[in-house]
Structures are given as C-alpha cells and as structure tokens.
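The data blocks that follow each hold one structure.
The same chain A turns up in both complexes below, where it pairs with chain B and then with chain C.
Entry: the complex of A and B
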C-alpha cells in the first residue's frame, strides 16, 4: 500500500510538471510576442517593449519558465494584466465560488444517479432501465448551454419559480444564494448523472450475477436483505472512485455554466482571461485547474484502493 | 477478452437490428443533408440582407416559421445553414485526430517500452484539463479561427485515440499471423499498416464515432464561449451566445431552435456511437 501511494503521487507530480510545460508553451511560446498580442496591432513598439519588460516576457524562455514554475510552487503566479491583482488571489476566490456550485451539484447528483443505477440494474431491460441508460446518455452529451437554456426557459421565464442568473444580490442570505444556484447546479447534474448511473448499474449487475449472491439467495435470505447486504456493498465500490473522477467533467461544465448564468467562478475567470489575452491569469488558472484535477484523481485512486481490500492488503499493489 | 470474435457480417447484423442505431442514424443523415444542400433549402439568405433590420426579433409566423433574430435574419435559414459549420469542423477535427492517433498508436504499440510510457504521461497531462479549456488556451495563443479549432481538437484526440489503438495492437502482436509475417522478414511498416491495421479497424471505427460526438460538443461549446467562429457565420453555439440575453425579455425563438438543433444532433451522434460500440466491441 505504501509503495502504491508513493508511486501514485510520483505519477501525479510528473503529469503536473508535463502539464506546466504544455501550459507554458501555450501561453508564452505560441503567442510569439506576448506584449504585442495583449496590446494589439496598433500599439506603439515602445509600449509593447515596456509591457514585455514588465511581464518579463523579453527574457530567454528557459529563464521565464523556471521563474514561473518556481513562483507557482511558492504560491506566486504573478499578476493578472487586466485585473491588476495577484493571480493566486483571483483564482482562489473564484475556486471557492466554483466549489460551492460544484458541491451543490454533487450533493444532488450522487444519491440520484446511484439510485437510478440501482433501479436500472434491478429492472434490467425494462422501461426504467431504458430511461436511465438512454436518457442518462442523452443528458450527458447535451452541452450545458443547451440544457441550461431549456431550464431557464421553463423554470425562470415561463414558471418564474427560480432566478435565471447565478449571482445573488450582495449580502443576501444563505437560502437566497442557494435558490440562485439551483438551475446552474441542475445543468451540471444532467451532465454527471448518466455516467455515474451507468457505472452503478454495471456494478450492481455484476454483483447480482456473482457467486456470493447466488449463495445468499440459495441460503434462503430474503431478496431485500441480499440486495442490501451483498449486492450494494460490493457494487458501490467502483462508484465511489468514479464519483471522484468526475471532477474533470465538472470543471469543463463549470466553464460553460458559469458563463451562461454569469457566476464568478473559475470557469468564468478563465473565459475572461482567454478573451482578454490575459496570459498570466490564463496560465495560472489552467495550472491550478490541472492541479485540482490531479489531486481529485489521486484521492479517487487512494480511496478506491483503501476501500478495496484486494488492493489494500495486496502488498506490492 | 476471450469471447469468440464475431465475424464482420454478424457485427453488421447486430447493428442493423438495433433501433437505437436507426433512430440516431436517421437524424444524423437529415442534418448531413442540410449541411450539404443547405444553400438550396434555406428560404432566406442565412447571412441576412440589409433590409432585414426592419424585421428584428419577429415572432414565429407564416413568413418566418421560426421567427427572426436580433438583426432580423430568418432563424430557420440560420439553423439549417448552421449544420454545415459544426459538422465540417467536427468531422475534420475527428478525421485529423483519427489519422494521427491511429498512426501513432500503431507505431507505439509495435515499438513498446519507453515510447509507450512517454505517450501515456503526455496523454495524462492533456487529460488533466478539460478539452474546452485546452481549446480556449490554444485559440487564445494562436488567434481564433476555424482552422485553429480543427487543429486543436485533432491534436488533443491524437494521444487519446493512439492509446486505444495501441492496446488493440498489443493484443494483435501476440497472434500467429504477425509472428509469421515477422519470420517472413516483412517490412515492419508493411506488417503494421497492411497486416495489423485491418484487424484493429473495428476499434478505430468505434473510437471515431465516439470522438465525433465529443468533437461536436467541443466545437459548439467553444463557439458558444466566443472562440473560433466569426460573428456573422451561422453557427448554433454562437446563435445561442448572441441571443440568450434576450430570454428574460420573452424572445425565446432565436435561442430555443438552435438549442433543439444541437440537442438532436449530439444525441443522435451519440446513439449511433453507442450502438456501434455495442455491436463492434
């Protein structure tokens, strides 16, 4: 187990280092003259030179990279060009907002999709199964700005039950904030539901067909007890790992949902940075997103191996 | 897996018998027809005319069955013409990714060892950030244009497809026909592309259809966010981006109809991909 953890953390670090090189290429090498890209074709060469000197983009690439990555390790990602504030501060605040939205989505989707997956498995081939699998797949592939539009049209415009934007007025209470977050969270729920439900369904079907389930049934245990004690306990193991691994989809979804509902999270921050060619903010933000993803995948793997005695006790693993 | 490999005709029979496949395929074909013949079908010029400004945001009516947008352009014409933009870009990106990914996967699977490890790490790094963000980053760096969208999506697909093809090549390499070809001292490239490639074609077909779904999703998401499409081009994502601010004012038609078009296309492509995966894997 110990060796497994060390190896897994090592892999995550290597991946992050590679990602930092890719992000650096994307934000400092590919744009060519960064100052020119930021200021546009009509700026004087003098002001472009001044900006390049201030950003440090007139130095050799290797120096720029080591400086940037050295700062990143100590929590300094430079300053945003357009917002004139430290990138770390901006990204931190945005991440906190996104975490609220993401947490609400997870609180709704996890029980819902697990329940859907279990029902589909128990009624395999029946109507419920078709609805959960085909409906879930369809909901997963429809872009968030399409499902979001339909949710806004139905619940905000037509019925008037919920607000169509995510940002509550300043100083409003917890419940008002929550009300504003329901529609954006539902968009994310629609995207995440299908996959988690599918994995749960597959796990339950596998457990239903396993020998220990047959033994339990032949022993004469009631079906409800067999399902609760034997099937679910074994089937939900892979689901737990899958839930944590959905963070990647969640962040991809946040980019769109936060734009549609104008919510000040990490997604909107990155879109703004890209639109304004704010390279320091974009580079820092993407790197942090990659780190968040790697950490959640790490936690997914570790929790799975900890919950799964075959790996936990397997020694070399 | 040790399941006996189904013959080619059996696979097609499974596919032909799948209702999901037919529903999906029919919708895809309809959109392909609009994409190709859109110019002859659209009742009005999708790009609009100066006179359109007089009919801004008109409700759906006999003249304009789906209404008009903020510049008075016919929404029906723009929705039909929009099929071309998304389908050409997504298809080109997927073809690009599939060609490079297949070539890379064949080579890496055949070479193995350190090359294999390097590919896996690069793939992991790419997959640490959502495709939409990678796309935004690259389009910001290279300047936003449609060609950039194709290259970026194709480039990100390359290692993903390569990984799948590599796994298929690894299991083929053990088989007798490859050993025989090697003993015959056939050229490695010949073995790869003439002997092995046809035998991993199923994997590639499945991968292609699945990736096409992702490509459509990403192309539309990027254009919704304002990356990669010129503002005048009829594009579904862009149409929604330009008009969702009008929703609260009750102007639902320039937003809802492109949204329905997107939903029908992505669901249809994924129904096809899903039934192809089930028949071929």
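Entry: the complex of A and C
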C-alpha cells in the first residue's frame, strides 16, 4: 500500500510538472502583446514598451519560465498582470469560493444520485426506474445556462424564495452564504444527478446478476443483507471513480454557473486571465486546479483500492 | 423699467467685452451675429474657459431669435460651485433630489477590466469607479459642456498653444491634505509624457511643457495650437484623475487600490476585485454634497444578465449603463425607468483602401448604399441610436455642419450601377471583426446587405486581443469593424483613423486634401470656421468612404421607479451626488 501511494504521488508530481510546461507554452501561444493587452489599443507604443519591460514579458521565454517555475516551487506564483495582486491571494480566494459551491453540490448530489441509482436498479423497468433514468438524463443534457436561467427566473425573480446570485453580502453568516449557494448548487445537481445515478444503477444491476449474489441468495441470506454486503460493495466501485472524477469539474469547470450567478470562483478567474493574456494568473490558477484534481484522483484511487483488494495488491490478484 | 434694464445690461456687456480676450470676444461676436446658437455659444465658451455666469449673462443679453432656440436642454446646469452636475437630457433619470441624503444606494456596474488604476484604465468599468473617488480638472457632461471641477477657470493665449488653468482653492484629498498645482503637474507629466506606462490617449496634443506657475496655477504649453485642449485634461481623458504628487513616489501597477486617493464625493470603504466595492460619503467634500446619500454599494457584473436579475429581484437601485440587447428584459418593463442619452460612440466599418477591390471608392460607396441604417438601429439597438452618414462627426457636436452632405440611404440600384461602372462582377472579400456588443450581428447584417448586389463577405470574428493584434491594422483587401467610444470633441475620430500617417488608420487611406483640412480644423479657434471646415470634411469622407459609420449608439440607463438623481455621460461616467431612493 505504501509503495502504491508513493508511486501515485510521484506520478502526480510528474503530471503537474508537465502541466506547468504545457500551460506556459499555451499562454505564450495566446495572441497579442501583453503590454498592449493591458493598456489597450489606444496607448502609445512607448507606454506599451515600458510596461513590457516592467513586467518582464520582453525577456526570452526560457528565462520567463524558469523564473516563474522557480517561484512556484517556493509557493510564490508572482503577481497578476491585470489585477496587480499576488496570484496566490487571488487564486486562494477564488478556490475557496469554488470549494464552497462544489462541496454543497457534492453533499446534495452524491447521496441523492446513489440512492436514485439503487432504487432504479432494484425497481428495474418500473416507474421509479423510468423517472430516474429518463428524468436524470434529460436534466443532464440541459446546458447549465438554460437550467440556471430557469432556476433564477422561477425561484429568484418570480417566487422570490432564494437569491439569484451566489455572492452573499460582505460579512454574511454561514446560513446566508448557504442560502445564496442553493440555486447554483441545484444547477450542478441537475447536471450530475443523471450521470452518477445511471452509473450506480448499472453497477447495481450487474452485481445483482452476478454469481456471488445468486449464491448468497441461494444460501438463504435475507435480501437486505445480500444487497448491503454483496451488491452495494461491488456495485459502488465504478460510482466512486466517477464521483471522484467530477471533483475537478466541480472545482475548475464551473465557468458558466459562476458567470450566471455572479460568483467569483476559480473558473471565472481563469477565463478572465486567459482573455487578458494574464500569464502568471492563468498559469498559477491552472497549476493549482491541476493539483486539486490530482489530490482528488489520488484519494479516489486510495478509496477504490481499499474497496477493491485486486488493485491494492498490485494487480497480482 | 425695461429700457433701464437694457441700458444696464449693455453697460455690463461692454465691461465684459473690455475684459474679454480676443478669442472670447470673437465667440461673443459670432453669437451676437446669429452665426452660432445659444447652445453652441455656451459649449464653446466653456471650452475656452469663460465663466458660466458670464456666459449666461451674455447669452441672454445678446440673444437673437435664432440663437434662443435649443434642441437639447441648453447650457450647463451648474453654478460653477459644484463640479459634476451637468444633467443628461432624459426624462426619468434627471430628477432633482430634495432628500436629506440619508441611506445607501446600490448600483450594478460593469466589471473593471483590471486593477483600478488611473494610469492603466482604458475601459468603462474602471473609469466609472475612478470617478467615484477621484475628480478631473473639468467634467465633460452629456451635453458636451465643459464644467469646471478642480480647475475653477482656464484661458488660452491668443495663439491657442499655451493654456493656463486656475485651480480651485480649499480642495482637500480624502486624507485632508490640500490639492495643489504640483499634483496636477505630476499627474500629466506622468501619464502624458511617457514617464508611466499609461493608457492615456495623447491624440497628438501631448503637452511639451507643464509647469506650476504658483500653488494654484498650472500652465500647459502645446507643440501645436489646439482650440479644444481643455477636453484633453477633462473627464474625457479619464486617466487624468488628480491624485497627490506623493502618489507617484511609490507608484506601481495597481497601487491606487490601496487607498483610492482623490478629492471625489466618495471615499473607498471596501473593494473586492471583480465582485463589489463600497463607498462612504466624503464628509469634507469641497462642494455642495448635502443631498448625497451616506453610502454607495456597487456590485460588478461581467454578464449583463446578472445585472438584470439583480435589478428584477430588487437587489440594485440603478444600472447606470446597459446595452439594448443585454437590458432587453427591462426596456419594456413597467417596473423599470429607462433613460437614454445620445452619444458619439459609433462603429467604423472600414475598407482597406490600399488594395483591390476596395481601392476603388465606387465599390466602397456601393457597399455603403446596401445598408438600411434605420433597420440596423431598430434590429440591433432596439431603436437606441441615431443614423450615421459615413463620417464620424456626430450631429450633436457644435461644429457639425447641417447642410452637407445628404443622408446616404439604401439604394440597391445605385449600388449595382457603381459596381458595374467599376467593372466588377460578383466578388468575395473578408470582413473581420471582434466580439463586442452587437458588432458580430452587425457584421452578419452587412454581409447579408452586400449579398444583395453580389458581394460575398466572408466573416471572421475574433476576441478583441486577437483582433486588435492580428487583423485591425493589417487589413489586406478586407473590411473590418471597430468601435470608437464617446468623446466630447471629434478630434480623436478625425485624426488617428483618418490622417495619412494616423496611428489607427486601418483603412490605409491616404488623402492629402483631408490631412490639410484636418490640420486647419484642429487649430481653428473660431467655431464658424470649424463648422465650415467640418462641412468640407463631412462631404469628403462621405464621398470617399474610407469607412462606413452606420449609426451612433445611445447610452441606456435603468433605474428603479423610486430612484432619482442619476447623472451619466456618453463616455460612461456616473455621478450619484444627488441620487436618492424614495
């Protein structure tokens, strides 16, 4: 197990290093002179040159990269070019916001969709199954900007039950913040529910039809015990992998929801950075999101292997 | 009684004229002779620094029948004491406030494009925030009057190349320190003379020398005479926020955000970049801000839909600026008060005049003749715009010449005739543009219009960075569309994109007659001559069509029905000194 963890961490670090190079190259491919982007088309060329010199964007790429990665290793991601503030401060705050929203969506969608998937599998072909599969799929294919606007129009504008913005006023308490996050979280639940529920349903059906389940039933074990011990433990393995893979999306991929609900999360921050060719902010943000993704995948792998001894034993089973 | 009054008036008028400079007397002569309207007299007078009380007196004393007519609400609405109260000409948004100034107002404003920093600012989001804490020497209001703010008065020398500004006394910054001439010198030395990497648009009127004559007087010496120079140090050039000279000692990009130093009606309380900002009333303001509310809460919106929902939910009292497409849900709503002002903001649909097929002006004229401009305004701007005539001299500029040329209208037969005369059959050309407001849709409609006479325009739509970097000035046998924001004088529109050596000449248009006319125009002190030259420029541009100006875009504001006292300008400045919620 120890070796497994060390190997996974090593792989994660290599991935992050590769990511840093890719991000760097990618941001260099962004068209436009950095100084020109910051100052706009109407500034004089002299001003643009002065700014480029001050930002160091007129130096050779390799120098810029080593300078940046050297800082990144020590936790200094530099300053944002457009916002003129430390990247760690900006990314940290945005990441915290994204994490709050992602966590709420996660807490709602995971139990709900697993329960839905199990019920659908146990009542295969019945009304519950139809509702979960067809309803879930329909909700998944509706883009967030459509479901989000519908949620805002119904619950915020017409009924006035919940605020249509995710940003709570300054200094709000936990409950107020939670209230502001409900609608955007619902938007994410709609996207994820059908997906996770269907994976769970498929896993449960497969386990129900497996030989070990039939053996357990034939042994005369009560149905509830068979489901708990034999079916769920095996059926939830793929679900866990799927859920873990959504953590990255929930943290870094919420651009549309964040924009719609006016929420300063990491997605919106990075889109703004890309738009303004703000290299330090974009690269630092992507690196941090990459790290979060790696950690969540690592945790998923660990829990997966804990549940599935064949992986834990290095594939020798 | 009447006779006595008129004698007294005449005596006072004589006294004014004796004290007036030759340039001031010239403008009074023009007005007295009925050559310019009352509105133009007041606008012109404010530019060369005549005091508002003198202007008001002369306007009445010399009134002619023609001169007394105004189409806009004429003249500055200020008495010179309070700086920024030139009101827009709309109904609904102008109301005067009699409130005691209690409470808070909540506004939804465009997200600043970067750090709030007077040096770097080149977008509406930032200039609107800067204008809350900071102030300019003068304020260019929605009716193109120049209102004295931190400069109490100004005057040029006879040759219009030395301008002296007399600063208001007793003005303090938020920290209590006094505003002095050295501060003004430091601002313009840094932003306009290349010391700081600034977004400042110099327009070729970079001051050669800026000196403080004494604590309250600053003198700008220009390389060339310029009759409109005060506009270049007014709110029209939003980088010219006056900050203490000490600000520059430790200036770095974004350092303005640590304190938001300034003399404005609001002091910063909190700022969360991209999310919100809150301000408290400046209790030591130099002007009259008794009616000002105690607090201003601003939420930023990156997407206009966010502002609309916040408004519908009642979370904001005012959206000072929204586009007709983004604000559509509110434009017809009975729960929203919509106000609009005409502005000089316009889109330039330019042709590369250096290469076929658009090196033939008949081809350019033909494309221009395929457009139904009113349909474009109705369809793309929900009617919030005025028709353009393929030159950038907006009809509300005082120097606009009414007479020439006739408005170009859709005429497909004439367009086809011009193409035939040019010996061109059906042809293809690229049309490049950027993602900005309705511009992408405008490109589609231009392509559809041109297709009626056999011209196929292949659209290329890019983000603004890519567009300005790779396509804008590189036009090769193509067309393109750019946006030009509102300005109080047309010089920037007429110089950079049109002069043969203009820095933003995307049309690659070279015309010596034009260059010569423009240079005369820029240094003409006399409105009558300017108007005559403007007429020639309008005719030349309309005939040559280096670019199409399909329309000018209105500025739309939306307020809750119980809100009053919003003042905005075409450029996007927002003044809430008299705002109130009843």
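Couple of notes before you dig in:
Methods note: the second predicted complex is superposed on the first by the 297 of 317 C-alpha atoms of A that agree within 3 Å, B and C clash if a C-alpha of one lies under 4 Å from a C-alpha of the other, contacts with A are read in each partner's own complex, and residues count from 1 in each chain.
In the analysis below, contacts are C-beta pairs under 8 Å (C-beta built on N, C-alpha and C of every residue); 3 or more make two chains touch, one makes a residue touch a chain.
These figures come from a predicted structure and were not determined experimentally.
When both complexes are overlaid on chain A, chain B and chain C end up clashing with each other.
In the superposition on chain A, A:260 contacts both chain B and chain C. When both complexes are overlaid on chain A, the residue A:307 reaches neither chain B nor chain C. In the superposition on chain A, A:178 contacts neither chain B nor chain C. When both complexes are overlaid on chain A, the residue A:294 reaches chain B alone and has no touch with chain C.
Of the two partner chains, neither chain B nor chain C is touched by A:221. In the superposed pair of complexes, A:286 makes contact with chain B only, with no contact to chain C. Chain C is struck by only one stretch of chain B after the chain A overlay, and of the options 24-32, 240-248 or 258-266 that stretch is 240-248. On chain A, the surface touched by chain B in one complex and the surface touched by chain C in the other have residues 30-31, 149, 152, 156-157, 164, 259-260, 275, 277 in common. Against chain A, in their complex, chain C makes its touches with residues 113-115, 117, 120, 122-123, 194, 196-202, 252-255, 257, 270, 272-276, 278, 299, 301-303, 305-306, 309-310, 312-313, 315, 463, 465-466, 468-470, 472, 504. Put simply, chain B touches chain A in their complex at residues 20, 121-122, 124-133, 136-142, 213, 217, 220-221, 224-227, 237, 240-241, 244, 247-248, 250, 252, 255-256, 259, 262-263, 266-267, 269-271, 274. Listed in rising order, the residues of chain A touching chain B in the complex are 11, 14-16, 18-19, 22-23, 26-27, 30-31, 134, 137-138, 141-146, 149-150, 152-153, 156-157, 164, 248-249, 251-252, 255-256, 259-260, 270-271, 274-275, 277, 279, 282, 286, 289-290, 293-294. Considering their complex, residues 30-33, 35-44, 46-48, 50-51, 54, 81-85, 90, 149, 152, 156-157, 160, 163-165, 167, 170, 259-262, 264, 268-269, 272, 275-277 of chain A touch chain C.
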